[in-house]
Amino acid sequence: MHPIAVVVNGTRNERSVEPRLLLSDFLRHDLGLTGTHVGCEHGVCGACTVLMDGQPVRSCLLFAVQTDGHELQTVEGLAAGDQLHPLQQAFHETHALQCGFCTPGFLMTLVPFLKDHPNPTEPEIREALCGNLCRCTGYANIVKAVERYAEGLSR
Amino acid sequence: MIVEGTYALPGSPEAIWDLLMDPEVLAKAMPGTRRLDRVAPNRYEGTMGVGIGPITAAEFDLVIEVTDIQRPLSYTMQIDSKGRFGFSRGTARVELTPDGAGSSMRYRADLQVGGKIAGLGQRLLDSVSKMLLRQGLEALHKELTARLT
Amino acid sequence: MKPPPFRYFRPRSLEEALAQLEREEAKPLAGGQSLIPAMNFRLASPGALVDLNEVQELAGISDANGTVRIGAMTRHAAVERDARIANRVPLLRETMPHIAHPQIRSRGTIGGSLAHADPAAELPAVILALDASLVIRSTGGERRVEAGDFFTGLFATALEPGELVTAVEIPAAPARTGWAFEEFARRHGDYALVGVAVRVTLDPKGRCESCRIVLLSVGDGPVMARSAMRSLEGVDLAPDAIREAADRAGSADIDPPADIHASAVYRRQLARVLTRRALTRAAARASETRQ
Amino acid sequence: MTGRYFGESVLRLEDAKLLTGRARFVDDVSLPGMLHVAFLRSDEAHARLNGIDVSAARARTGVVAVYTADDLGDYWQPGPLLVPPPPIPGLVFNTATQGPLARDKVRCAGEPLAMVVAESRYVAEDALEDIVVDLEPLPAVTDLEQALMDGAPLVHDQFGTNLAAWVHQTKGDYQAARAKAHRVITRRFAYDRGIAAALENRGIVAHWDSGAQELAMWDTTQAPIPIRNGMAEFLGLRESQVRVVAPFIGGGFGPKIMMFYPEEVLVPWAAMRLGRPVKWIEDRRENFFATTQERGQIHHAELAVAKDGTILGVKDRFLHDTGAYDPYGLTVPINSQCTLLGPYVVPAYDSEFTAVFTNKPIVTPVRGAGRQHGVFVMERLLDFAARELGMDRVEIRRRNYIQPDQFPYDHEILFQDFRPLVYDSGDYPAALDKAVELIGYRKFIKDEQPRLRREGKHPGIGIVSYIEGTGIGPYEGARVTVEPSGTVRLSTGVGTQGQGHFTTFAQIVAEVLGVEVGSVEVSTGDTREFHWGTGTFASRGAVVAGSACHAAAMKVREKILALAAPLVGVAESDLVVAGGAVHSRGDPAKAISLGDLARKANPLRGAVAPGTEPGLEATAYFGPDRGNAASGVHAVIVEVDQETAAVEIKRYVVVHDCGTVINPLVVEAQVQGGVAHGIGNAFYEQLHFDRNGQLLNASFMDYLLPTALDVPTVEMDHVVSPSPLNPLGTKGVGEAGAIPTGAAFAQAIDDALAHTGIEITEIPLSPGRLFELIDHATGKST
């Protein structure tokens, strides 16, 4: 077992972990942050995307022990209390989610993307999303949500 | 999956027949073989493990039975291997014809794979089988050359 | 799909990492974006991993005496965003977005991809087209290997046990050089069915002085289309010459594998079409820089 | 019914939980002392099980139990036959269902052999590697046509054949129709296998509370109530001792309604036996074997047409791959058989199918559930007929449509709900006109296509029609309760997997009771809240459960009026229910809030009048007489790169008719999502089995789901033909988008490559396969 200290959504957590423990399992089961979802565990579906030091990573392709000393953000860290993050609000307003299982991964992929691309074109949005699978929506409303969010930023 | 071709070997069919049936030589011709014992006149058992890139060379149990023997011109090998990653089995028909001082070996293997290697490795199966065949034939050639001199 | 157990080491320096690799008979863990899926499937079960992610000295891009040096632990995303790469190694810049997906690129590393040597990977083909060298270290010292000598087979490289790729060095391109990368994948970010990296340099009269055509997903590793390359040397890069070279690239120069997504015949066709398209773009770029 | 909420694009009430990561899915359930399960599954597709040694696994630290079939004793039973065959004369059906753990023989790769229960999933997977299995391989059968040949290996020895079922349905006299035909179009069509690929895999958590003597089970099922009933029976418990919760479910698409999966039977059993909560979460690799699949069919079909393009008759002979077992009966092939008829007048129909056992995973409905096969065959036959007759593709369809004044229209055969295939309503010409207009069909054919062709491009257009039988019985129920707080509780038994039921059901109730939609709290999929019903399948949630919600709300409304009239002091007919209160029509100040009324409806003193019930609560059920017929037209424009065989979607248009729309936002999203699924089916998703029954692409690396770059934004328009079969007038929409997609693409690709003479008669179509077909059509071999 390896002791680790990792800041998640601004809170420091100290735990002892087996090296093989996947970050996705650590977040979900050790820290109880079950908003991060696991869809494939081989790095294709994107549902488990979280931010590590601000960068989007697949938490099923990282060992928890590797995050020692780093900062993570999960979907639980987006809203401020009952106030949805503007991107979450845009998803709500455009009906960009159905079953919602893949949604946290989309949000966590988009947050850093939108920081770098505050005014993205549709092709840019679609390319940014190509590492996240959604089986329900057909993506159209997710693209719309991003456009609505970006409009909100530029207003 | 069918793999076939011809390959030139040193030594006439008569000269190399016993060597081809020698478990040590046979093991050389099958890359990754760790151990191979003749347990009956035409039956061999052993273990093998082939690692490719990041894939760990997990141990497979290997059984080979030689049938349809037409000494010194042809035989069929029934190959059966299984392990944690799945299984591989099938037949390999080998025909030898004299070719100058050496032999021309015609081979036709009909192999099936199953389990994880089939479900996850399909992208690489063709390349891997080509590579193993090439390595095996080269090793066989080298071994025969060494033993014949 | 949970990985098997392993011993874990997390060195802070290259010296420490090399010593651990040697002592523990460990496998290096770079970005882990190929290794960890294989472990989750329990196809890979390394006894020990030496995690290179905290070895700061292995990451970073520098530029000296015309050579661009990329540290092995530089992330794909960093290469993609780097202005020097965009200016000095535009072929590499053009290739980066084709590599997997954004989340993979923010974790995956240049050195990891090269050492992994997947025959479908983009970077081995590109650094071969760029005539780059790899810097390799072990506790015994440092050596340099040209890309052409580094890839030795299916997932196989010139790396010996205990050795690490520490950087890749890309020489400056001569004047009048054009480039292009093309690939065909079922979906963006998938393993390409075929890809090609092309670099051409024109002589002052506008004829092809030298060129490199390197294909991926058509063999055990990156494959140089040698007869196609020879056919263009000293030749005006007119459509007919390009078409003929592309035909060679799709036929004599490769022996592509088949899988469920593409037959060998289809891969040959894609190799032909993509090579022609890449050569056409590269030639146009080269003549732009000539003017 | 229209009003403040009904028919409006109300934003979803369930979103906030899902967006913030607070929604609870099955894998989020964590209980103290919980154990974790991993299954050892067969690598072989067909083999005799000679022995299994689990002793090393049992000895491993952290392993609590390992079970094989032998350890189950009497609990080992073949699963139930969920859907018995319909009463069609002459029908043959051989029943074969799966036991929870393989015994004697395995019949497809992935069949569970042993169950490991351990302190963590990691350890459970470690222990799988300790188990030694002696499987003696048998020749496998995977090909539908070969499976029926003499000497084929038998999946189930007891039948002496691989025939699982045979069904023949006819209408009119096809031979006579054929004799009169100007042309008879004959083709072979093939549809290959795929999976549902919900992003959430299946999972079960079970907890036996020995103090309360109650079993709680969280299950990713689309049908919690039948699971509850079945588990009680299997485990010898009263139904009231079992609570099944289908919480938030990460997509269903059909396979999550299979009852019972082996894991569903085993996990609660282990939890009772071990006295600790037990969790099993299917991983993605398991999902490729352990969850049911769909789509393998081969059709030999012919269309008899008159010179003017009028359909005289259709004959179809098809094989349907049911996989290793057939617990779901004939739902899928009967859907294919019925849906083939589409929106057309087909005077003579002769359709015969044979369902075939193969050494592949079980087939049960997946979004579309066999309907797309029928549509593909019929639409393609019409395309080829149009080509041969020199007719326009749109015209041949228009000429054969059932007209708006012909409803109810009886196709004279039996549908999957055992009821006659009678269409309730529709306006097919109107939908076609809108689609033709929206995609600019005429202009494309006349101007754009020739222009692009001159530029060396290969553009093509496809336009196809379909019918979807939706909203079948038997019934669903709902209970509506007005609480003293003014909150309205709505409980229904159907599970929900993202369709927006929390919102659409609330809209229905809010409309009837005149309350804010946000004040309706919906509970679905928890047998403790409501325990009568069947499940979410066949695009029936909004139709059947929605109508039940409406009926329950209407009953509560009656109670409100009866109770309020004396209190407000006016006649019931002078009361208005609005704004969370009841008031006098003439004097709005004379009012009482629903909350207060609820309190008065449950008095602590006084007497409740005989014949009345306490509380503002009512339960109601709805069972439609038969399924209704949703319909639509899809049109697509593609561009094909003939050199690489890449197909690019330029535009996609859908005009659909699902009757009265409760929430347009939800309906359009269902259509868009369905089209994405259909695009996957058409281009990307194919399970590749080798001849030994080995699946060659058992991961998301090689089984390709379309991404945001592969699915265009669909342009939509609507036709509304209310269904007379339910009070809301609604029809189902969940599966529609996925049904005609393949047919639309096939036509568009044929059109794009018309100069090659190519004919697409198979789905799915990878670029590699399209390349071969182009080569074949052009006679080139590159």
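Each chain carries a letter (A, B, C and D) given by its place in the written order, and its residues are counted from 1.
We take it that contacts are C-beta pairs under 8 Å (C-beta built on N, C-alpha and C of every residue); 3 or more make two chains touch, one makes a residue touch a chain.
Predicted model, so just to flag it, every value in this text is computed and none were measured.
> Decide which interface, B-C or A-D, involves more C-beta pairs in contact, and give its chain pair.
A-D
> Suppose each chain is reduced to the average of its Cα coordinates; what separation in Å results between subunit A and subunit C?
Taking the mean C-alpha position of each chain, the two centres sit 29 Å apart.
> So the centre of each chain is just the mean of its C-alpha atoms; given that, what is the distance between subunit A and subunit B in Å?
Distance between chain centres: 49 Å.
> Provide the C-alpha centroid distance between subunit B and subunit C, rounded to the nearest whole angstrom.
33
> Residues of subunit C that touch two or more other chains: which are they?
Within subunit C, the residues that touch at least two other chains are 1-5, 41-42, 187-189, 191, 260-261.
> Do you know which subunit D residues sit against two or more other chains?
Residues 122, 129, 283-285, 688, 696-697, 699, 701-702, 707, 709 of subunit D each touch two or more of the other chains.
> For subunit B, write out the residues touching at least two other chains, lowest number first.
Residues 84, 116, 120, 122-123.
> Quick one: which chain pairs are touching?
Pairwise, the chains that meet the contact rule are A-C, A-D, B-C, B-D, C-D.
> What residues on subunit C touch subunit B, complex-wise?
So the residues of subunit C in touch with subunit B come to 27, 34-35, 38, 41-46, 116-120, 153-156, 191, 219-220, 257-261.
> Could you list, by residue number, the parts of subunit C that touch subunit A in their complex?
1-8, 10, 32-33, 36-37, 39-41, 49, 51, 53, 77, 97, 100-104, 106-107, 187-189
> Contact residues on subunit C for subunit D in the complex?
Residues in contact with subunit D: 1-5, 41-42, 184, 186-191, 193, 260-263, 265-266, 268-270, 273-274.
> Can you check the complex and tell me which residues of subunit A touch subunit D?
Going through subunit A, the ones touching subunit D are 18, 20-21, 28-29, 32-42, 44-45, 47, 74-76, 78-79, 84, 88, 91-93, 95, 97-104, 107, 125-127, 129-144.
> In their complex, what parts of subunit D are in touch with subunit C?
Per the stated touch rule, the residues are 121-122, 125-126, 129, 283-285, 643-646, 684, 688, 696-697, 699, 701-702, 704, 706-707, 709-710, 766-768, 771-772, 781-782.
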